[in-house]
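Written out below as structure tokens is the structure these notes cover.
Letters A, B and C mark the chains as written, and numbering starts fresh at 1 in each.
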Amino acid sequence: MMMGYSSAPIGARENSEKDVISREAQSPTATRERPQEEPATANVKMRAGDLRAFFGKAEVIKGISLPFPENKVTAIIGPSGCGKSTFIRCLNRMHEVVPGARAAGEVLLDSDDIYAMDPVRLRRRVGMVFQKPNPFPTMSIRGNVLAGLKLNGIRPDDPDGLAEKTLRQVALWDEVKDGLGRSGMSLSGGQQQRLCIARTLAMEPEVILMDEPCSALDPIATARVEELIHELQKQYTIVIVTHNMQQAARVAQYTAFFYMGELVEHDETNVIFTRPAQARTEDYITGRFG
Amino acid sequence: MNGIRSSYVYRRAVDRAVRAACVLAAIVALVPLFLVLYYVTVRGIGGLNWAFFTELPKPVGEAGGGAANAIVGSIQLVGLACLFGIPLGVLAGVFLAEFGQSFFGRMVRFAADVMAGVPSVTIGIFIYALVVLPTKQFSAYAGGLALAVIMLPTVTRTTEELLKLVPEALREAALGLGVPQWRTTLWVMLRTAAPGVATGIMLAVARVAGETAPLLFTSFNNRFWARGLNEPISSLPVQIYTYAVSPYEDWHRQAWAAALVLVSLVLFLNVAARVLVRNRVRSR
Amino acid sequence: MNTEFESQRPAREGAAHRRLQLNWGDRVFRVGTAGLAGLVLLIVGLMAWQMVGASALSMREFGFGFITGREWNPVLEQFGALPFIYGTLVSSFVALCIAVPVSFGIAIFLSELSPAWLRDPLSFLVELLAAVPSVVYGLWGIFALAPLMRETVEPALRTSLGFLPFFQGPNQGFGMLTGALVLSIMIVPTISSVSREVLRAVPQSYREGALALGATHWEAIRTGVMPVARSGLIGAVILGLGRALGETMAVTMLIGNRADISLSLFAPAHTMASVIANEFTEATEDLYLAALAEIGLLLFVVTVLLNIVARTLVWNVGGRREGSRV
């Protein structure tokens, strides 16, 4: 598993949608010029070791080992039903919330075994953004941002300042600053999703898990969220599940390809998309199935 | 840091406490159920003898006698209720399922919902004013009517909801074979929904068998056999009530026995309904 | 058009004939069922009309003062319903105070905390609570609960909370508290089953959102589920209240049946439903009967209104209708 060259942030991104669309028009396997970053072993923030996941008796994740380098974005791609969502939900132990579900194997956060810690504690260090935006409907925008802190009994010194900071981080501040008391549901889908991301950021996690965060959003909102991911990656380790390969190519430095509960290949994104080592990976990339 | 740790321990403790409280709530709610069943069984079983089932009540003050007329009376009253209530309820439910989107349909549905919430004692007054006053007597008919009105909303809504659950594909198959609309609805759709509707009816009967208040001023009571349905008639629930509030030890004993019979019937119907539902779901 | 068929294809004649009959059968079916459905509507209308008619005498005689009058004297033909309204309100309120926490606890347990194998049997047992006839609860209450209240519970309440006016005064076991207690037992199944449906209708994503932020199980329910379900839960409580208002037999067997207004929960009392059950068959004079009927009318109007409000609230949460179960 090569961890040598980490691909640089995907170019200097402009804000215009035209740029995004034209970039999308390029082949996902186009090579780009990248300056070299730090060589060899980048720090591993989170690591899954022979992780297995079960729903009842059915084994859905069949022994996956995967490192997640710090301050990088790792994308997980694969056809529907390959276990991407299940896998990512194991990383913050949301998987076991479903009745009858369990997991086995090892997942380390820095050097802590997540199965040895209290899930509540774990989820403060590892945040999650869901596929369908789920701001709490009975809370205001401000309330939503601070919800995680309130739940955990943390009283910030400057709640308004913190709300502003996170809303600025997700580029939502200008749009909502005059109506922080409005309900979270009064925003558009894309805005709601960014609100949910802000809510996660307010907890100051170390890792952010994203389960197909853009699949319920329109292309413009998607572009915004992808820019956000690009910004966030400087401070956080991000794992993103996506069924959109172009998205993986745009936002992630590393990509893992899952198939039927197994890890088929994991490498730098540009390698996966230009010279995949496995035939199945190539088949998927080129659209022969999935 | 310490502040966060201790608040964390506190939150965990609250979580555990709430879980325990919820379990406790379940236990607390079920204790009366078991107590009642226990008492009824223990106190009632002694009074269940041959005389209980076959004899008429003895005059006040005399020991012995039975509740034969109450048992038969209850059967007759429930039978009348079913006679009046089931056909009307089922067909009204069919109407609501098939043609119920109109304004009229919505009014009917609303009326059924309203009726479901009316206290049974009020229904007793209604039938008293409607039937007992004009005929100048208490009667089994009046009692049966009151019980039918109580049953009606349940049967109607159950039929409607279950009919709506039958897949449209069945209807289309029948229509495609040239079966007329009305036949399709009754013979195909209703028949498919029938087990569920039967279950709903069983539960409605169980409920109605135990109703007392409306009977107090419609079928009243009768220490002897009713000679016809036009006369006041005895019934188990009314008998239980009369005996329970009386000062006679012997009557108390019979009240428990009657309660045991009533509760057994009601329990049986409820359990049977549950079992039927589970079997249907499993066989699907 | 029919003649065309008939003349062209004799073999098709039967079909055309049958088609005519189809229309006829369908029409009869439609009209017939509509008529029966209309009968349902008619019955409700009749109910309202008869209730008003039966109460007319009393309404004319006492007017609005019926609701505020404290004196219930059949001999002097003075009828004021305030003691019964008071009794109904207080007994229902106390019953709700006991039943609501218990019901919510059960609902949360069944929808969130219970292991799968326990769910069905437990919910069935809770339903059985509702299946036991009211008169049997009354019977058990007279011989088991009332003595317990008289000998143990009420004296204990008096010694510990006797500084409050609610727990003072003589007690015989038959009184407001005992009535309210048995009432609470009977409305728990209603409130808990509706609450459970309401909680189930809340989308999972809110609960998961809270969990992902590091909430404990209970905190996730408290912030992610219950606020969304709030109106439905209120509806469930109102449905329970409606049921409590109309409960007759167990109450009349345990509440003491005295038309008094007293602050003490130990004192005997009367509710609207219990006075009707108790005195209706003994009411020989027209005015007496009309007064009792008017109480019945009040009950009717209030429970119908509560029912409508409750159903609207419950309906709004998940878009699910509560059908025949309630």
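Simple rule for what comes next: a residue touches a chain if its C-beta (ideal position, glycine included) is under 8 Å from a C-beta of that chain, and two chains touch if they have at least 3 such contacts.
On a predicted model such as this, the values are computed, not experimentally measured, just so you know.
Set against the C-alpha centre of chain C, every other chain centre is closer than that of A.
Of the two chain pairs considered here, A-B and B-C, the higher C-beta contact count falls to B-C. Taking each chain's centre as the mean of its C-alpha atoms, chain A lies 50 Å from chain C.
A straight line joining the Cα centres of chain A and chain B is 55 Å long. Separation between the centroids of chain B and chain C, computed from CA atoms only, is 14 Å. Residues of chain C found to touch two or more other chains are 216, 219. Residue numbers of chain A whose C-beta contacts span two or more other chains: 120-121, 152.
Residues of chain B in contact with at least two other chains: 11-12. Residues 116, 203, 205-206, 208-216, 219, 223-224, 227-228, 230 of chain C are the ones touching chain A in the complex. Those residues of chain B that touch chain A in the complex are listed here as 4, 7-8, 10-12. Put simply, chain A touches chain B in their complex at residues 118, 120-121, 152-154.
On the side of chain A, the complex with chain C involves touching residues 92, 94, 97, 99-100, 120-121, 123-124, 127-128, 130, 132, 134-139, 147-148, 150-152, 196, 199-200, 203.
In the complex of the two chains, the chain B residues touching chain C come out as 11-12, 14-15, 18-19, 21-26, 28-30, 32-33, 35-36, 39-40, 43, 88, 91-92, 94-96, 98-99, 104-105, 107-108, 111-126, 128-130, 149, 152-158, 160-161, 180-183, 185-186, 200, 206-207, 209-213, 216-217, 220, 237, 240-241, 244-245, 252, 255-256, 259, 262-263, 266-267, 270, 274, 278.
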